[in-house]
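Presented sequentially are two complexes of subunit A, the first with subunit B as partner and the second with subunit C.
Take a look at the complex of A and B:
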């Protein structure tokens, strides 16, 4: 019984955040802006990461203020049970849809890069079952899993960066603002990037994990550190993709970063082909993101309907839902269109719910309340 | 108990689905193509071997493709030195395919092969001058679209028939296609040839400010010779091997390694560069981009032609540096002027202008032809800084 009370450590919380943020969508990230703003995409990605960084801070502050309660618990006290219940249900649905979209993206990538003849539904089903089996009775397993996979994401990521960094052409990175700079293009592409599902999943984990932490006081510091690390890796990958491929090639590629890894070679005969190694890297990043998305939906649902925490494996109920949603898009062209559309609406939600809670919390318990008492 | 049964069912399911029934491939059951040669085919040849359409009349004014693929025969290619028994004839097999475009020709090739065509180990694509003039779109589209092709492979131009280059019988490698790729790889590593694998070609192909350029291979009896670089604008133009080293200098290829004869008043010396560095400076002067290229070269003296040259004197070294600088500047300018005359910016100066002068670029360059018109007229200055760092083990 003692085992179940083990709390997530600060390092584990950081790895959860990093793993969930570096997702399969990084593969297509450079393409999103390459057509409209060219080399300006890099600056825009940085801006997007900084905006999300502000959300990270806000979320961590909110989580730290209510470190003894879970999200739904303090939501209940702050918003009132009925409103919070509606919010909760919508959040669960939202994360199921986002997870399904990422799952489909993952399957599309696999179908192109590795498993050319395997039917899509098999790839998705296997991934879903793996994710479902990863959800164990104890919360700590979530932390352990991410902690375990962290080096498998960090090392190949850094390897890719190191191998290709000497090969980049500086002129592919310039001009910083892009050749056809316009504010409307910037904001359009920026919104698409900001609202990508995998960023939202990364952000939301903070709220789920903090109540389970050993030292919730350190959550803010570790979240900031984790976000900076994840941003550094994402930015490096994007800068190298631009520096090596150039924006003209990137705009035609479905997964520019995948193409990039086909160019990475070590001049040693057995290691000449590294793209397969990198595909394995993308499988792991895909797995961690899908796992987190699924886990969030499951946790929220358990909290909402008061299912005992030890019975987390009711998660199996979500498998058909996620699987069916993931099967709907016809191909990856439609998938990306949907992703932007759904991402935009769900982002409003992902961002507004915690911020609403934070504002109410500040009024109720913060300086405002204190001054009022006096 | 319930848990046990659920686990059993799950694991059984995983066992069946995870063991890769769909994407299972036996290495012996794959037709591994190592080299491809692309030539022009006649309509009759295509008509005879058509597999993807009922007739060949569907395309208008399009050239047809003849593909020659070099297949590795499983089990015949050993790693390490040759044992003496196997010859290229045994280790490789050549299959031809004809079609309206590349994919079509691959299908026609597949029709003659029992195993699945596999392009994951493709090393080199040789194209004939006719294809270079007319049919590059097909090649670019097909090979870019396929995910199993590496982007570090070589694409090279042949003198006449591309397929002929796959029939050479080199003694150093068992597979001719591998030998072609290795020759180019090694030349790059030695610094004698620019690193221009297929992804660099594609980069130049889509970038507005760079003209595409290909390695040029020439058949030399049973062997091949790297005969420089080739680019195409209406007609095919060549950069000979001597000028390739200046191409390397201007684009700042690393490492150094090119050799050149430096003329002095009393003979000449052979100098080999071992380090190159390049700096570009772009300015807008009188509404025209002006490019200053500064190239730093460090090299060693390899050989001298007459006893009269006193290499131990600092003065001689200085004069070598002076004449090397003068020669390199002249030759580089010749090369640049040639490309300007042909309106082909093979160095990628346009990309540098795009990077540094985005406003000018947006105004004047809408498509590649715009830049090429501008490129013809812009002033480009080349300055070399030559440093002799060694003269070998002999003092005089």
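Take a look at the complex of A and C:
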């Protein structure tokens, strides 16, 4: 019918990255290190974001080198079909599990913040159905969706930062290194943070989206910009949380940022409480991350088994899988244990696959190959 | 142009009968088709006073005065030339005798029958193997008035009528441009409705134009009684509640859109045209926006967006806050709400649902009633629902307020179908909110928005210029930039 090959713009790619990266895990991020290293968490988060930033650059370079092919296609040429197929299947499974974990985290949050008596599975099922319905025939709709929800995330995010920044107690922010600074603590907490599922989902969008871009050459620039923006928002939220609540309170909160957003007020009755705006914020951030994770799994699967792109809505098949996995953890404590554990292994995988591809690609087509030709 | 039949029909009949030299045989063939139809007339006369001939027409479709004065009288008059006349009958009839401007020749019965059905008068002459048909079509036609559904305060007050030719003249009048193309089509197997596709040649997006023609040509349906038939048949997503083509009854809107590179589709018998492609922002615009200061029209447009959103979210937001998250309401107000609800027998969601349904019933009742009774119904509605229901403790006053806001919001939308789709979807939103509170509210919002984001109208994203962002397009979307900035815009 009409031209279906409309490409994703640079701006849309950036919003995909930002939306997917700012997930609901940000809510619990300050707590992860508060107990062990206290205020040092802020510095650690910054380090983690910088490490991930390097990955962003590597991923973008890889994507740019093979802008005409999809991830699985160039994986096939670089690794050979059988090996790549195994990698692909594992990636699909990995993203399904990660999505399920985030979904569960989202449901736990909703159960605390909004629906105290609703069973978790209802919340999860509804969200899953919404996500499934969001996967449309055309890839570009993925870009449109993220572009559209970007203001929903940006505006409340900036609002939160602006309203609470003046309320920071600066003594809460010090010492920068934390009270119980030790390398072991730092690396332990650091790995936990680094391997959080939502970062991995955010990172992986780069590889999925670049082949569909109008100007893949700009992907590196836009990814960097997007990552800086996302990092800025995440860092600001964390600094404000520490500055406002202090590490002692954060330790005992499951979702410290949620508590924080409840204290944001503006002197304008009857809108004094801004909970509603932030609830919108958290639902949308949760949605975009889960959507992206699910979308990546679906997209990889479609590419692996050569399903026609217009039949993307086979996505429905993953619903029971994700739903069942999300039901397994008994409570949020176990959920976080799982997240750290699975996150670590999957991160090795998320990082190693593209880096492996990049290295092979450099050897095959890059300076190495060129030197040998001469 | 539009009184002429397209060739497709005559070629379709495979065993086309040719017109013979025998007048009576021709006539009996035609009579066999029309049988004893009441309005089927045959008028026998002698051409040039000597040759037997006949006029065939449907007397309900033609202008009888015109036939008498300009066709019959001229044909009966004695022609000079005698023998020469018989040889040159074709030239004489076509070029010398007949006064009406449109006359054509046919040599087979199918064309003849079709032209009779379209209000032409057919001239058959004995000994001659071709027939002539003259355009004598005339139907009662209402005068050009302001369309009731698209009234403006400032701006032209003419609207389309049912006659396609008149409508096209209204467009030509505003757009006397040699690049304006009006492609005729004939659709509907039984109705053979005349359809016109209009576009400005050097401005139109050719992909859209080709797609429009392609989809129109693919239509196989027996009847086209209104443009809405076409709308349903050619839209991209027939299972979506949202209108994907813009319907308008105003020539100035059509002309404005043609000049922005869009394609218009007009149907004979329908006082309105369709514009393709349509994006969501077009449905909140009216032609008078362009006739006013940019600040005023921007403000009005924002009000309309607000109204549209209110018509969708008000009842569900109310339910979400009051029954799920009362902590969001300031304490003093919360007490007022609770005291208003004392004695109401329903759960809030039921209460709102019932009120919304009653509101829809009222609306539907007033639409079809004659004006006098319609007024009575609105009085009943106001009294019963506004006051008595509250006093009886049936509903809380606040519910009435919010239901009223919803209804007014949906009426403030300039486009009826758009307003209606939002009214329909608010029940969906209400249902999810009733089940899941604010979470359900957001989920319903996201599902609706995601659906909108995936819609396309003839390949153009429906949510453009919002997402995908189109910076120049945003100047004339929810806001309207000063007209100077819009001048060089093509699409």
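Just so it is clear, the second predicted complex is superposed on the first by the 371 of 374 C-alpha atoms of A that agree within 3 Å, B and C clash if a C-alpha of one lies under 4 Å from a C-alpha of the other, contacts with A are read in each partner's own complex, and residues count from 1 in each chain.
FYI, a residue touches a chain if its C-beta (ideal position, glycine included) is under 8 Å from a C-beta of that chain, and two chains touch if they have at least 3 such contacts.
These numbers come from a predicted model, not from an experiment.
In the superposition on chain A, A:226 makes contact with neither subunit B nor subunit C.
In the superposed pair of complexes, A:280 makes contact with subunit C only, with no contact to subunit B. Judged by the touch definition given at the top, the superposed model places A:101 against neither subunit B nor subunit C.
By the touch criterion defined above, A:177 lies against subunit B but remains apart from subunit C after alignment on the C-alpha atoms of chain A. Legend: residue contacts after superposition of the two complexes on their common chain; A:91 is shown touching neither subunit B nor subunit C. In the superposition on chain A, contact is made by A:263 with subunit B only, not with subunit C. Once chain A of one complex is fitted onto chain A of the other, the partner contacts of A:240 are absent, as it touches neither subunit B nor subunit C. Of the two partner chains placed by superposition, only subunit B is touched by A:252; subunit C is not. When the two structures are aligned on the shared chain, A:133 is found in touch with subunit B and with subunit C. Overlap of the subunit B and subunit C interfaces on subunit A: residues 114-115, 118, 122, 126, 133, 272-273, 275. Of all residues in subunit A, only 112-119, 122, 125-126, 129, 133, 169-175, 177-181, 245-246, 248-249, 252, 258-259, 262-263, 265, 267, 272-273, 275 touch subunit B in the complex they form. Those residues of subunit C lying in contact with subunit A across their complex are 207, 211, 321, 324-325, 327-330, 333, 436-440, 442-443, 446-447, 449-451, 453-454, 456, 458-459, 461, 463, 466-469. Contacts from subunit B toward subunit A in the complex involve residues 10, 13-14, 17-18, 20, 22-23, 120, 144, 147, 149-152, 189, 197, 199, 202-203, 206-208, 348, 351-352, 354-356, 358, 361-362. For subunit A in complex with subunit C, the residues that touch the partner chain are 1-3, 9, 11-12, 110, 114-115, 118, 122-123, 126-127, 130, 133-134, 136-138, 140-141, 143-145, 147-148, 269-270, 272-273, 275-276, 279-280, 283-284, 287.
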